[in-house]
Amino acid sequence: MPDFVLDWSRSARTGTSEAVLCEPKSVAQIEAIVVEARALGRRLLLTRLRPRQHGALSSDTRAALDYDAPTRTAIVGGLPPPRAAGRVAIVCAGTSDLPVAREAERTLAFAGEVATMVADVGVAGLWRLMDRIDEIRAHRVAIAVAGMEGALFSVLAGLVPCAVVAVPTSVGYGVARGGRAALHAALASCSSGLVATNIDNGFGAAHAALRILGEPAPIVDAAPVSR
Amino acid sequence: MPDFVLDWSRSARTGTSEAVLCEPKSVAQIEAIVVEARALGRRLLLTRLRPRQHGALSSDTRAALDYDAPTRTAIVGGLPPPRAAGRVAIVCAGTSDLPVAREAERTLAFAGEVATMVADVGVAGLWRLMDRIDEIRAHRVAIAVAGMEGALFSVLAGLVPCAVVAVPTSVGYGVARGGRAALHAALASCSSGLVATNIDNGFGAAHAALRILGEPAPIVDAAPVSR
Amino acid sequence: MPDFVLDWSRSARTGTSEAVLCEPKSVAQIEAIVVEARALGRRLLLTRLRPRQHGALSSDTRAALDYDAPTRTAIVGGLPPPRAAGRVAIVCAGTSDLPVAREAERTLAFAGEVATMVADVGVAGLWRLMDRIDEIRAHRVAIAVAGMEGALFSVLAGLVPCAVVAVPTSVGYGVARGGRAALHAALASCSSGLVATNIDNGFGAAHAALRILGEPAPIVDAAPVSR
Amino acid sequence: MPDFVLDWSRSARTGTSEAVLCEPKSVAQIEAIVVEARALGRRLLLTRLRPRQHGALSSDTRAALDYDAPTRTAIVGGLPPPRAAGRVAIVCAGTSDLPVAREAERTLAFAGEVATMVADVGVAGLWRLMDRIDEIRAHRVAIAVAGMEGALFSVLAGLVPCAVVAVPTSVGYGVARGGRAALHAALASCSSGLVATNIDNGFGAAHAALRILGEPAPIVDAAPVSR
Amino acid sequence: MPDFVLDWSRSARTGTSEAVLCEPKSVAQIEAIVVEARALGRRLLLTRLRPRQHGALSSDTRAALDYDAPTRTAIVGGLPPPRAAGRVAIVCAGTSDLPVAREAERTLAFAGEVATMVADVGVAGLWRLMDRIDEIRAHRVAIAVAGMEGALFSVLAGLVPCAVVAVPTSVGYGVARGGRAALHAALASCSSGLVATNIDNGFGAAHAALRILGEPAPIVDAAPVSR
Amino acid sequence: MPDFVLDWSRSARTGTSEAVLCEPKSVAQIEAIVVEARALGRRLLLTRLRPRQHGALSSDTRAALDYDAPTRTAIVGGLPPPRAAGRVAIVCAGTSDLPVAREAERTLAFAGEVATMVADVGVAGLWRLMDRIDEIRAHRVAIAVAGMEGALFSVLAGLVPCAVVAVPTSVGYGVARGGRAALHAALASCSSGLVATNIDNGFGAAHAALRILGEPAPIVDAAPVSR
Amino acid sequence: MPDFVLDWSRSARTGTSEAVLCEPKSVAQIEAIVVEARALGRRLLLTRLRPRQHGALSSDTRAALDYDAPTRTAIVGGLPPPRAAGRVAIVCAGTSDLPVAREAERTLAFAGEVATMVADVGVAGLWRLMDRIDEIRAHRVAIAVAGMEGALFSVLAGLVPCAVVAVPTSVGYGVARGGRAALHAALASCSSGLVATNIDNGFGAAHAALRILGEPAPIVDAAPVSR
Amino acid sequence: MPDFVLDWSRSARTGTSEAVLCEPKSVAQIEAIVVEARALGRRLLLTRLRPRQHGALSSDTRAALDYDAPTRTAIVGGLPPPRAAGRVAIVCAGTSDLPVAREAERTLAFAGEVATMVADVGVAGLWRLMDRIDEIRAHRVAIAVAGMEGALFSVLAGLVPCAVVAVPTSVGYGVARGGRAALHAALASCSSGLVATNIDNGFGAAHAALRILGEPAPIVDAAPVSR
């Protein structure tokens, strides 16, 4: 029996395609998964692939991957042509939060969705957000990425009508270490209608945006729903 | 100076209208807020209004409220005519979670949105969910309400393409007391693209659904955006 | 031996006078403390005196107290004449946070300091804070009082040069219950130079303001420093 | 006095044999324990023996060990002949959980029990579990291994009559880091009759299964019960 | 649509029958559930039915219930004839833990299983446990019930070959309040093969014992497995 | 079988006599325990007996109890003649901590040990402790009782050579609620050789003092050690 | 778009200048920030710049930095001439807390404020603090730095009239690991008017001191407030 | 000003001598402290001195240290002649807990007290403790060292009249990681009169034992008490 059973029918069921969380897997497992995807001619997104894991893959597999070290994402089978733009804004509080924001951006790109990145608009200098708030309002979904105390979530959600998906990050120290402070800020927000993902989960926020946009992923994956 | 400054321009800014969280307020504060709303001819939603608080309001104010004790919601100014139905499903794990589910339902109704209630479909008896899964799939948003271990969130999100908003509840005891176990289940789900609100926040999930549907609330509230 | 030893030399040492936290004390203990203060002709501030405790005191003692139920504070010996105003602003996020904000206001008044109250300026409707920001900037100290996610702390501290003392409150539910979410927001703020007190500690924030203003309390208490 | 006192009478008392948790021990301590077991001609299971610890043992000791790096288990004295099969199923949610699942499998094999491995059947793609549910039902014990949100525990226990032993794993990030989310999911399950071990404790789950099967370990260890 | 969907096919699927957790339900919901069970002629176990809830039920419904206030359990349809005894021992650390122990006893009795109660054998006076250890050893399952520090779990599991199901209780104060200390003691035990249920979950431990004994509940419930 | 098995041999084994924690017990259980003690002519200490429980006991049993409501302790069989004094000092930070301090005092008195009470010497007014430090130094054991931030523990232990037993109390609010802040202060103290009991455990601290003094309780209890 | 938007108008708004938290940033990001500051001729403070990050910067950038490894601070543009001294005392409990204390000292120096360092005055040896208490009293602000149980905060605040800013540190192990014990000691202090920063946040305490002193930073940064 | 102020008068005040916690200190700080001790001709105990720190000291300083790597303790000035033996037993649950147990042993030896080591007597094999219980009973103090679930503390304290000082260790994984489970077991013990130190604090337990024995350290340190 193999160690894994890839869920190729997922996109047909949920509109979001199978992806592989690499951090807790062995290099041998990751290698085998990529081999299977390539053998089947499938596109596949790998997340949280650490540079050390990437470096330990076979050179053949490495050559088949479009790897981006800062976001720790890798893509098998390349990006599809863009299908839409201007629907998702990624609003990022600080420079330190960018790897998570860019994981969301790349996950969206894997589905053909081109996001607008609005970086370094944390509320310590509120004018930075105010300068770009009209631009953000024009999107259907705003993915807000912030660590530390996560005050950006409430301020943003109080100013725009978009669906707001908060991604707390583990950026911070002391009581902010690990990201619980930012997560709780998102969940306890005085601005209503805000929702949250797990800490550092840019990937999940992108999939949430795809569900909200209601566009099924490109019909590359034709597995039967009846499973 | 008054104790409160109602944000009547909110719906124009965010598409979700001002609402009043009553639980931590004094009866005198609640009374004054309702009086102002009535004086201005505004519709207003009150949440977490405990029966004891409701009973202590003036009879005149009580008469102006459409109060629902199980959900602890009260409405000033009545419900609007329904504007749409069949777009939001509320999927509720257990009978005990119904007050939270119904808070979401009533918040949606306050905005004219008629939700579909799918009750008591927790995964201990999986056939109950399976019997209704095709019905749920036809909605744009699924609000999933569950306490205890919150396994419903992952199972549901793995089966439908809807935007899935998880509302963990405080139903449970031992390690589930207070709702953290269910909240963490929603956030750590192996099914991607799921988002969560605070514990017991049916109101917030409804507002998230309204943001997702992208329909501004009825233009009852005409305060200028420029504030 | 008596149960208590009042620290009448405190104001000479620290500039802030002895006060009595009543919540965990028995009625008999509170009674005895007030009797001693009156016998010595001392002014004294009682905090967290629950209505039930107040009601159980002797009628003679009750008559000697200026009791304010919403803030649960009582004053023995009356308020002094105001010595200054316009130096401390109390900036309060929501109507529900007012009891804590008013505890700070009354503690300042006990020392002769008249504070400016700026109420219901939470960031869900940012214009409410912006309308009053210039007024706040003119004070030397801003006591910011907020529960839930505490986003007000960062926004305020990013806009004013005052010493900013954050008082997180226990207002909120789910992950905000008890006030840790707001506390962590204050401590982890991206706006620098913000400091925090314990949850719901309006009294402590007022004493911090008095230390910052550097004005010793009126020399009612003449106990020797040399103790 | 030696540093350790091995409990050779354990299998006679409890039906599960002595085993050595190596992670917190020094290499010298592990070395001495193996030497004693070999001198007495005893079979012994070592758990959580890190590769670095294994590599630092004497070559003589290393030669006496059957070491499996992914599960970090080592066996002194070899495996016994299988005594039974088809009684214990190990049901594993994700590829990342396999090291823990395989620790259980090897612990069972040390006692002669051959388990059935059912891998990568997490509920994000529910059909994977449904495809094998009849096979699982035929076992007396199901050891369920899952990290992240641990939804597998409830779904499985709602579908089979087996004794279900949940082993939460530390696989996951954010609120799932360390395994508390999965543990709480097991303990708070809406499916009744489920029990849990400590996080990542595949060894303990295997011993629980042996207790449930009620078969004493092979009578290699004849120490008197009377101790 | 009704608020609830009872899972009458559960015993056929899992060997443990449907039961109703009453604490978080409204009186009206409990009333309706009992009415349905009676209308269908089904036996049903209610757990965590508080005396106040019981007292608020209709007199007709109350008359149909065999209610036991200390354990907060109620039975619709009476107990079945005993089918077996001497297979499950309930080992209870302190007098204060008895309500939880007796909830397990009554849940077993509902399934016809007669348990042996071994009460007040906490390890502070170890001789109390030692006096009865041989008696306990003769059972196939030992349900151990303990609060405070839960040391009983490890001591017992080190002395008997039974399957040991630990039920931590919320008995205790300070760091033991709520039962986490006892729960962690069960999970982190140095005695291997011990498993745990949620805090105060005597009901769940009984169901675990029934799964372990592998005896389906009496075939009162004939719903098709095929659901 | 009775619900309880009193450990009358405890004092012979451990030098501290059996005591009964009443808070989590039913009135019927407490009643039966007192009846047994009286029937055997044993002295017995009851702790955490709430006034409501005390009031619900039979009048005959109440008459046999020396009950002290503030400390919630009751004594069956009266106090013994004092055997020693001046060996244990109880050093209490605040008036609010006195019930816990007095529980220790009364537990010591039950064993004939007369303690010295040093009350209201918290470090906010350090001179209060300094005034009495020489008196404290003359004792063999100092039981320090403090809530809130527990700074007294470190200051005291840095000044005296006594064995210092810290009893953190649950006095405080916000981050101090429940007593963890004071407990951690005791455990993490920069003053070495300090030890701690559970929160609010004045009873336990008294028993620790008795163990330290090494005086077996009066040989009222003659049960054989050999059990 | 660049990754960062420096807030050069901050000192005009808040009296404390922009600073860069380096720990969570990539070397490329830090490099670019320093390049911009130098290009604009701005002075800039970098905090939490790890030696490994510093070593990976370009040699040109490294040459432009005044880097202090123990405090992990770096300064672009040099220190200004001192503007004042004797107003801020830094009171440090232990030798291990010095890096945090010195971060505060250097942050003050960056603004021209010369602080008085009072080192190793933890309360285990109270005489060390007493020897210097009169010197400390002469300052307007006391920044107290302590880890472990943080008892210094309360003792100091009870003895001086200064504004006291507590900086808990992560020095300690067991329950003190990470600094929560010291943080809670500061927040729950029985000495009133004490305020706290995040754990290990010497930088923040220095900015709080600057706000309290009410001296705007030198007018190097002339960005308009109107942003 | 130096970074440190050694408290040479401590043993005169508290009966336990100054010691230096090295883990959080820089090598330069440790070096300077040892130099001062040697210059003054003082004996000094260093704790938690990591091998890497020890290796980085000057060769001259290293030569002056009696360093024991497993316990991470180092002694300046050698051990004194033993003054007493047979008064303190160190009772250690598992082989993995020995480094902490030996830290206690060496701290006692530094004060001339020879302890009895009773190793590997965890309760999983209760006979190991029973074999040595009479030996342990003969001591005045028992230091109990245990990780994981810490059941040893309660069992031991229920069997002996000694003062029992529990030292929880960080040995364990999952819910036991970090030592909180064992700490809470000690604090919540059903055996009364048990006290606890911080996690892994063998040093502190030894100092507690010295306080209990009431023997001042040898009068090497003659600093005046009057400080």
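The letters A, B, C, D, E, F, G and H name the chains in turn, as written, and every chain counts its residues from 1.
Everything below uses one rule, namely that a residue touches a chain if its C-beta (ideal position, glycine included) is under 8 Å from a C-beta of that chain, and two chains touch if they have at least 3 such contacts.
It should be emphasised that the depicted structure is a prediction, and the values quoted were computed from it without experimental measurement.
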Which listed pair, B-C, G-H or C-G, duplicates the contacts of A-B in over half of its pairs: C-G
Chain centre separation in whole Å, for subunit C relative to subunit A (CA means): 44
Inter-chain centre distance, subunit A versus subunit H - centres from mean C-alpha coordinates, in Å: 49
Residues of subunit A touching at least two other chains: 10, 124-125, 157-159, 172, 174-176, 180, 183, 187-188, 191-192, 198-199, 201
Pairwise chain contacts under the document criterion: A-B, A-C, A-D, A-G, B-C, B-D, B-E, C-F, C-G, D-E, D-H, E-F, E-H, F-G, F-H, G-H
Subunit B-touching residues of subunit C, taken from the complex the two chains share: 70, 95-96, 98, 117, 119-121, 124-125, 127-128, 147, 171-177
Contact footprint of subunit H on subunit E as seen in their complex: 93-94, 122-126, 148-151, 153-155, 157-159, 172, 174-176, 180-192
Touching residues (chain side subunit B, partner subunit C) in the complex: 1-5, 7, 9-10, 21, 23-26, 29, 33, 48, 170, 178-180, 183, 198-201, 227
Subunit B residues touching subunit A - in the complex, by the definition given at the top: 10, 13-16, 19, 140, 157-165, 183, 187-188, 191-199, 201, 203-205, 207-208, 210-212, 214, 216
